[in-house]
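You will see two complexes here that share subunit A, one where it goes with subunit B and one where it goes with subunit C.
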Partner chain A sequence: MNACLKEKGVNFSFIFPALLIFSVFYIYPFIYTFILSFQRGDGIYISEFVGLANFKEVLFYDKDWWPSMFYGGFITFFALTFQNVVALLLALAVDKAIKTGKIYRVIFFVLCVLSEIIIGLLMRQILISNPGIFNQWLDKLGLGFFLHNWLDAKKILFQVGNVKITHALVTTALVHSWKGFGWAFVILLAGLQAIPEQLYESARIDGARSYQSFLNITLPLLTPVIVLVFILTILGTMQAFAMILALTRGAGGLTEVPVMRIYNHLRGSQVGLACAEGIVLGVILIAISFTMLRISKWVRSRWGVLPS
Partner chain B sequence: MHLSKVVWCFIVIIALISGCAPRQDTDEKKIVIWHWMNDRKSAFEELAKRYTSQTNIPVKFKLFFPPDIYSQKVIAAARAGSLPEIFGILGEKKSLSSFIKAGHILDLTPVMKENANEWKDSFYPQTLQTTVFEKGNFYDVKPGIYGVPIDTTLMQFVYNRELFKRAGLDPDKPPQTFDEFITYAQTIKDKLGVDGFICGWGEGWLLNCLATEWAINIMDEQRFIQTLEGKIPYTDEKWIQVFSLFEKIKDSGILAADITTMINKEAEDAFSKGKAAFSFNGSWSVNVYKQLSPELDYAFFSLPKAANASFKIWGGAGSSFMVKAKSSNKDEAIKFLKWLTARKQQKFLIKNTNNLAAIKGCEQDLPPILSPLTDNLDRLTHPNIWPYNEDSRVIEVMNKGLQQTVMGVKTPQEVAQEVQQIKQRVGRR
Partner chain C sequence: MYYQVKKVIVLILLHTFLLSVALSCITPLLWMLNASFKTDTEFREDLGLKIASSPTLENYKTALTEGNLGFYFLNSVFYTFITVLSIVMVSSLAAYGFSRLQFPCKNVIFFMFLAAMMIPLPAGFVPVYILLNKLHLVNRTGYVLAMTNIGLSFSIYLLKTFFDQLPRDLEDAARIDGCNKLRIWWNVGLPLVAPALAVVIIFNSLNVWNEFVLASLMFTEDNLMPLQVGLMEFYNRNIIQHTLLMASLTIAAVPIILLYLVMQRQIIKGITAGAMVG
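The block that comes next holds the complex of A and B.
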């Protein structure tokens, strides 16, 4: 009994530094965020306990919160579809030509290494209408008819109630996808390389065509990786902030995403409200992640990868 | 063996915990100052050297840039109890009031009033007023003077004289009225193909400054304050008139493209390169334009009036320093701030940073471009001197509404209604 306790004590002493750091930098701020979300104050002087008032404000009264969730959702939808499809196609191409794959891996991944702010500022210089570098290229290539104010927030493509989809939002979604596809590419490539080559050989012997191999071998076995990429894409994109701030500064609220709202409330000394928004966003993202996992399990069981 | 591992773990943990502990004030006479003023870094460092050579007291200016980072640093330090002897606070007066109520800032009233108000009276009244809390103030702060201004800032229109000449306009006669402003900007745009007006309207506060100046011009300051108090709604016809000015500017076609996603640095860069005829900027821009384009021929002018009535200029203390209430070196910190705001040091700052002084009597030393601005010092107004302050959520809705008006996405009436709705809801809370 004594020896067992001693052994546990020694084991605990090894994980204690990590536990301490995790508690100080993760658990304490997390709990403190909860406490602040029930208060009205600016982080310096807490004036009063307000119960659930901040959550009510976020969920029912703040006219900009749900549009910001929609704008974040729109950029996420773009990333889930356009970005991840491009990443998958490139991963498939590189997987087949693995000898030159290392170079492509570096080329495609390098964008992810760059700071979001730098990408935002660079893309702004390229895309602004006067004297935007992109427009100049188009002009020189004889594509003058395509000249455009790419960050134009007044050009509404379609509107649903209070929510307006503008050119600026679509451009933001494209830039975000362009910057982020490297992550998805690397993860999907690793997933593809983990699929045993013998399965493809057997399929070929049985006379399966490429698309049949893809549908019946690649896609089912890649499903866990695709789900992981989807979850990471949703979490990453819904929390996107710096690049959008540098690119459009929210464009009068028309490209404002949830984290930008949280940031604006922090700057406006509404710390309680900002914390409540952070918690609401966190809960929504956790719910989405769990739903994705359930869907993934269901899909895999349908394909026979997992027992149903 | 195990025992030695446990001892080592204990030492590491103690070291970690003590590393996280707040800095203890020592009796050492050293003054540390935190600031965010990137453009004044070298001037401050030179002044610190001079003070140290005169008094043998080490002075260290620590720059944290950009301002957002600085603000978060000060808030974190306040909570951790590790503020330096002297620091500045960015943001609204509400933030300053929170720091005071939390006991972080020293009331300087006794030292300001020494020798028959000698130090207090050396400042421009409107500049000092931004750090003063009167009896029965809106913020429920103990009355007092809580900061030392080191310069004065005001927001003005600025125009490119060279473009005026090239467009056949008299460079010594800037527009006096709103209609003249639009006409001049259109003329320059039509003749020279440059933008009529540029400003960092991606930063909502610049729109808010301008809206405030026009609101006071159209409805007078008293009625403006009554709106903040909740006695006059934002849906009042005078307010709609104010919001409509932004729609008129948009309709005139003088605005630079991307203006609502542009930061002020970008607008300053474009104006300094002659890409726009007019801009709306602070007096600090003299230093910025000098660095970006030393040959730029430009001048400031007062608000182009939208109504035939008096007007006010948004301005006051550009930057102020506060003394940490619990500092063991507060007497030395006060002595240093007195020295910093003495005429000799203020003149040094004018020469090296091209800002208006915080104290009276330095007008002769101002660069020619800044001299005319001193005529407007009695017109200064600022949220920090108003008896009521607008809630940040109301300001946010107004700024976004104006940005969308400039884009043509919202009408002035819609903006007025949205601002009034949030005003009523915030008032109820």
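The block that comes next holds the complex of A and C.
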């Protein structure tokens, strides 16, 4: 009995360091977020219980919270459509032209390993109107009509109430997609290469054209991977922050994404508000991922593809 | 004949598409490298569009010494090295435990680690920052501990799946020879999972090296800042000196690009493994 207990103790000591760090820096902060969200103050020296006031503030009274969700959503929508469609096309192309595929993969992914700050600052330096390096490139390439003040937050392209779409926002979305497409590309390519070659062969023997085998083999078998990329894109982009800070500095609030607001509230000693915002955003993100998983299951069952 | 022509045309279109995207990725980086070798006057004439005729290292010298960038760089190396070392030790111990040993609540605890990877915590850095303040750990130690936690779940998951696939014969042999569990983990287990360890090391190194949010909150003193935070500071201080800025960005980018080129197989593996968890 005693020996058995001792052995269990020894075994447990293997995971103890991990569990300790995890408890202190994940589980406790997780619970602590909820506690803090009911408080006001800087959380360190001053904290005062205020009930649901922070949540009310975030959900109903804060004029800037929902616009910031919209800005995050705009960048996410851009990433979902533009970035992922380009990534899928690239993955299909590399899958076809497999001989040089490896070089392309190395090049496409390089932007993903560089930090958000490096990319943000570099693109700021290239896009900013003084000295306007990107505009010079466009001019040299004969695309002079395309010149823009790329990071301009003053000229409003489109406005609904409090929400303003500016050049700065569109540029941010573009740069974000440009930085992130390599990641979606790598995952989609791995998904494509996992599809067994025999399926295509038997389809060819049966006389299927290439678009038919794309629609009936590639697309259904790739759906789980595409859904995965969609969910991870939403989670990643809605929580993106450092690149946008480096690129636009928030552009006077017009590219202020949700996490940037959380960060600024923390810096401004409004910790309760920051936590409440984090909880609201987290719940929305979880709801979206679950819905997407449900839809994907439904689609796959309709298509008759076994869930993987 | 018709099919031959069609095939060639399709291939040309494919490669044009791939090449143009590849160019869009590389051009800014090459421009950055080129501009960093220029003097400021030379840069103002051509905006870095022409290849530097007489490359100068002056910008690098200024950035590394006067701009404090060398210091930030060493800080980043320190944080990354210590954090990754602690992640490797802690997570490989835990992964071995989860894979091979029996103890109460094993599955529940493992499930918690898994769940941590899937639950999005957009404000996760807020309570961690407050907690570190309360524990008086707003310093190097606190940062390394918090960053260790961030890499833990993924590393444990990856190493556990790797341990699970290994045959137990070698470990049995070691046990019969009288090795205790800790020595089996160190002498038999770890060497066998070396490929997975490489993925863990490289993946976490990138993560820690590129981390910005927590570092920017914790380190307001110049001598503690890692590179990412230092770059923002440096940028704000030297906002008009384009070539100097490009030199600073190159200093930050080149080690990562070199590391990536050497280890790109492991990095890609880590990315796909990380995605498949979700």
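Rule of thumb we're sticking to: the second predicted complex is superposed on the first by the 288 of 308 C-alpha atoms of A that agree within 3 Å, B and C clash if a C-alpha of one lies under 4 Å from a C-alpha of the other, contacts with A are read in each partner's own complex, and residues count from 1 in each chain.
The rule is short, and it goes like this: a contact is a pair of C-beta atoms (placed from the backbone, for glycine too) under 8 Å apart; a residue touches a chain by one contact, two chains touch by 3 or more.
What you see is a predicted model; the values in this text were computed from it and never measured.
A.B. asks: Putting subunit B and subunit C on the same copy of subunit A, do they fit or clash?
C.D. replies: Because the two structures are overlaid on the shared chain, the partners are seen to clash.
A.B. asks: Pick one for A:K96: touches subunit B only (first), subunit C only (second), both, or neither.
C.D. replies: Touch partner of A:K96: subunit C, not subunit B.
A.B. asks: I'd like to know which partner A:G252 touches here: subunit B for first, subunit C for second, both or neither.
C.D. replies: The first partner, subunit B, only.
A.B. asks: Quick one: is A:I44 in contact with subunit B, with subunit C, with both, or with neither? Answer first, second, both or neither.
C.D. replies: both
A.B. asks: Tell me which partner A:Y61 touches in the superposition: subunit B (first), subunit C (second), both or neither.
C.D. replies: first
A.B. asks: So in the superposed three-chain picture, is A:P29 touching just subunit B, just subunit C, both, or none of them (first/second/both/neither)?
C.D. replies: The second partner, subunit C, only.
A.B. asks: A:Q270 contacts which: subunit B (first), subunit C (second), both, neither?
C.D. replies: In the superposition, A:Q270 contacts subunit B only.
A.B. asks: Is subunit A touched at more residues by subunit B or by subunit C?
C.D. replies: The partner that reaches more residues of subunit A in the superposed model: C.
A.B. asks: Touching A:P224, do we find subunit B (first), subunit C (second), both, or neither?
C.D. replies: A:P224 contacts neither subunit B nor subunit C.
A.B. asks: For A:K164, decide between first (touching subunit B), second (touching subunit C), both and neither.
C.D. replies: Touch status of A:K164: first partner only.
A.B. asks: Flag for me the stretch of subunit B that overlaps subunit C after superposition; candidates: 74-82, 200-208, 362-370 or 380-388.
C.D. replies: 74-82
A.B. asks: Share the list of subunit A residues that count as touching for subunit B in one structure and for subunit C in the other.
C.D. replies: 10, 17, 21, 24, 43-44, 267
A.B. asks: Where on subunit A does subunit C make contact in their complex?
C.D. replies: Residue list for subunit A touching subunit C: 8, 10-12, 14-15, 17-19, 21-22, 24-30, 32-33, 36, 43-44, 86, 89-90, 93-94, 96-97, 100, 104-118, 121-123, 125-126, 131, 133, 136-137, 140, 178, 182-183, 186-187, 190, 228-229, 231-232, 235, 238-239, 241-242, 245-246, 258-259, 262-263, 266-267, 271, 274-275, 277-279, 281-282, 285-286, 289.
A.B. asks: What residues of subunit C sit close enough to touch subunit A in their complex?
C.D. replies: 11, 14-15, 17-18, 21-22, 24-26, 28-29, 31-32, 44, 47-49, 89-91, 93-94, 96-98, 101-104, 109, 112-113, 116, 119-131, 133-134, 145-146, 148-149, 152-153, 156, 181, 185, 206, 209-210, 212-213, 217, 228, 231-232, 235, 242, 245-246, 249, 252-253, 256-257, 259-261, 264, 267-268, 271-272, 275-276, 278
A.B. asks: Going by the contact rule at the top, pick out the subunit B residues touching subunit A in the complex.
C.D. replies: These residues of subunit B touch subunit A: 2, 5-6, 9, 12-13, 16, 20, 68, 71, 75, 78-79, 91-92, 94-95, 97-99, 101-102, 104, 195, 202-203, 256-258, 260-263, 275, 392-393, 395-396, 400, 403-404, 406-409, 418, 422, 425, 429.
A.B. asks: Show me the residue ranges of subunit A that touch subunit B in the complex, using the header's touch definition.
C.D. replies: 6, 10, 13, 16-17, 20-21, 24, 41-45, 53, 61, 63-64, 124, 128-130, 149, 151-154, 156, 164, 168, 247-254, 264-265, 267-270
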